[in-house]
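Alright, structures below, take your time with them.
Look at the two complexes coming up: chain A is in both, with chain B in one and chain C in the other.
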Partner chain A sequence: MRRLHSASQKRRWCFLTDAGGQPYQKQASVTPKMVTQFSAKSGHFLPSEVEFQAEDELIDIIPNFRLDALYMIKGEFGPFRPQIPTTVPIWLAVLLKKRGKCSIQLPEWMSVDELTSVIGREQEYAAEFQPVHYHYIEISEILFDCALNDIPNSYKVRALVEDLREVRYGKIQDGLKTVDNRQSAAKLNNLSAMEVNMIRPFFTQALAKFYRLGERDVEPQSQASQRPGAAGTGPAPQQRVLRRPR
Partner chain B sequence: MGASAIGADYFDLEAILAEEERVPVLFLTSVTGVGRALDPSCDDDDLAEGVKVDLPQWLTKGQLSEKRFVEVRTPKCFNERVKKDIQADPGVVNLRERSAFFYAFGRSLCRILDNNAELADFLLITFRGRYKDLLLQSHFAPDEDVQALKRIMTREEIRIFEAGRQSMQSFTQWRQRKDSIYNMAPILGKKRKR
Partner chain C sequence: MDDFDLGGPSEQDDEADVASTSDGELLKRAWRDEKAAPEILPYQEELLERVKEQVEFQEELIQDSQSDPNLETIVTLYKLDVDRIKFLMRSYLRTRLEKIEKHAIHIAGGDSVKRLSPKELNYLEKFCDMLDQYMDRAVLSELPATYNKLLHQYESEGKEPDMVPRPDLDTFVFARAKEHLGLIELDERGDENPVTITEGELFIIRYRLIRGFLENGQVELV
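Coming up: the complex of A and B.
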């Protein structure tokens, strides 16, 4: 059994096969990105696809090798000097890490202090979401997977990220519960990519159903008055606040 | 019936299937030549005036009801008893049993029954009452309960339910990182026979 970090890695693998060699830049910079970005089958992404997008976020590493700057579509990364911190995309950091070429520096928001205070605020303000990193679930998952020894108090951090996710998820559920025909919207600011992606299929379909059922056909007045008893009986029209604009 | 009302459902598979649901109608005129086709219990070629027949819903809308050849009655699944059941507790009513396409059927019935606002509101209230259960169940229901839960849902609800369920499943699967592990194909593990 061989464990690869993600499906995309195979393609990226060629990138550092000959670290220090010359002709690899073009290969790497063309392949990974655009291919899978819009493979959406049913209007939403698979979690692995969201993770793929998250791998383009930048992260600091401390390399232990010497290499000139790498030129890629997204920009220039490096140069790499032993013990000098530099910023690279996460997928590159993961590759280097797996071959023991660098240590990854934990992003600030993943420190125990920062996470604890975010969770605290998250619980304190039940009505709104705290601004967290847009890809916090994916990035933390990636780092737990490959860079566990670079994370101080890794068990604690893992538990805290889990807590944060659960607190936020509970709030999302509460938000979705408030939706009904009178208020066919839920205020969910500051959601992260994975959270949005997770609720999207259910929520869009349910909202569409609400909309469909709340729709009222505008009928000619004459027809309505011709047949009393069929239309306009009862106190129901009070609820018809949301009309389809025509 | 406006053009937009037709257009909105034109490609909707549920709306198409919902049109197969049967509606009781009362013939206000006698009809020649279609007795055996429309009413299986009729042994004459002609239908007499005042006969009650269950017709598929697509047949009743349009000319037949607009020109007052038939009078469309409210089908069983929207009668007062069902309404009372749903008012009492929308979450536990078995809508599947009433009609597999309860909402779409109801919606197009509204149009046939002269844009019956009462019925339209009733549908909306029903869905609103069942939405919260649907939300919780689709995200948190354990696997062994799913079959039982689905039994009382209409096809439309099941589609929404499955959407939520699948996204939860794929997320947990992703977190276990099972999809990034290469396994040996089972056939390779077998002992070769000589």
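Coming up: the complex of A and C.
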């Protein structure tokens, strides 16, 4: 029922990757024109730099070798005993996996059940984003890339992660459409790292333009974009609930 | 084994959990903040010194074990650990240099000069000299006397410099609240209502509005 690399998906990837400068997904056939190499200037993060941060997240592995604990700058990992699960950062897991020294345990949130239920909730509550792992895109990519044989039901999991990404991406797109010129902040709770990075160039520049144009705009316009009470907790009477991407 | 473990970060954020206050994490946060902020931030001297010491210690260890073929895998693991930290350090320093070059005159003439490390200060001075000389030789000396100033459009007498590139503090940034921030006034003109930001929330906002919070470590940029 699902094609993994449909044409529309590829096009979408171009959009996602172009902004950051470099294709995040190595397999994606991005046309050379779209891939402009920027150096990562201040104010921007390359997709590879976002991935770099994700690689510090911890994951469980089952080693097949014996080794005392490693005392690294990033912390103490191990000791490693055959068949005894231990927790290491992803970069370490990947290195060991590539050398055939361990198998990687799928994180709980990447199980078929969890993904199915979060996609369900994501569709049910169209107005907000569900909490997902902050680095879910990067981590799933890394695992599909190097530990596919450790993932039970890998085909299904991959399709589900794609679905999740798509549902959320649709919401992001809808959310960006609602950006207006009276807005100088927005809450983006539960957005993931890669999603933030993806909308960064457009979102920051759009708001900055609006802001600059607004500076010259002297007449006070009271906009009716206030929605009192929505998700409201605060007793503050004038509290405006910011639009969030829907 | 723990000789190089210097007991982690200093005084502040004692309530935060250990994982997010290891030097590696702190460096990552400093790097992220520096990359995302439009202006140069205070140099994290103590942190960088601590990390540098640890890197040197680990590199010595690696050096000592490198010749032993039995340790090949382990050495690779340690090397990667060190390389990742070194990447962060390099990128952090480069980002700062990029900002120093971009806003050299502004930094040299303002309070942000206190945010530089001694080496950066040295770099800044030399850069300013070179910029001055170069501009003078290439352009300014050819212009009429009223227009030949580096910092003024014309006739500098008693006027504020008006040709200095400055960081744009009205850039929008993505930030995460590390603690409850309360009401934030979004607009000096008052036609936008303030917003309440609570701990852990992710938001996009004008840099100027959270500048103070960033300085106190109450928000981090992402």
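Observations
In this text, the second predicted complex is superposed on the first by the 169 of 246 C-alpha atoms of A that agree within 3 Å, B and C clash if a C-alpha of one lies under 4 Å from a C-alpha of the other, contacts with A are read in each partner's own complex, and residues count from 1 in each chain.
By our rule, a residue touches a chain if its C-beta (ideal position, glycine included) is under 8 Å from a C-beta of that chain, and two chains touch if they have at least 3 such contacts.
It should be emphasised that the depicted structure is a prediction, and the values quoted were computed from it without experimental measurement.
Judged by the touch definition given at the top, the superposed model places A:K187 against chain C, while chain B stays out of reach. Looking at the shared chain after the overlay, A:K156 reaches neither chain B nor chain C. Looking at the shared chain after the overlay, A:K101 reaches chain C, while chain B stays out of its contact range. In the superposition on chain A, A:R200 makes contact with both chain B and chain C. Residue contacts after overlaying the shared chain place A:I73 against chain C, while chain B stays out of touching range. Using the contact criterion defined above for the overlaid structures, shared-chain residue A:K177 touches chain B, although it does not reach chain C. Of the two partner chains, chain B is the only one touched by A:D145; chain C is not.
By the touch criterion stated above, A:R121 is placed in contact with neither chain B nor chain C. In the superposition on chain A, contact of A:S48 is made with chain B only, not with chain C. In the superposition on chain A, chain A positions 44, 200, 212, 234, 236, 239-240 are in contact with chain B in one complex as well as with chain C in the other.
Residues 2, 5, 8, 103, 107, 110-111, 113-118, 120-121, 123-124, 127-128, 131-132, 134-136, 138-139, 156, 159-160, 163-164, 166-168, 170-171, 173-175, 177, 179-184 of chain B are the ones that touch chain A when the two sit in their complex. If you check the complex, the residues on chain A that touch chain C are 40-45, 49, 52-53, 55-56, 67, 70-75, 91-92, 95-96, 99, 101, 182-191, 193, 196, 200, 203-204, 207-208, 211-212, 220-222, 226, 234, 236, 238-240, 242. Contact residues on chain A toward chain B in their complex (touch as defined above): 1-7, 44, 46-48, 51, 141, 145, 173, 176-177, 179-181, 194, 197-202, 205-206, 209-210, 212-214, 216-219, 223-224, 227, 230-234, 236-237, 239-240. By the touch criterion stated above, chain C contacts chain A in their complex at residues 1-2, 5, 22-25, 28, 32, 34-38, 51, 54-55, 58, 73-74, 76-78, 80-82, 84-85, 87, 91, 95, 98-99, 170-174, 183-184, 186-187, 189, 191-197, 201-206, 209, 222.
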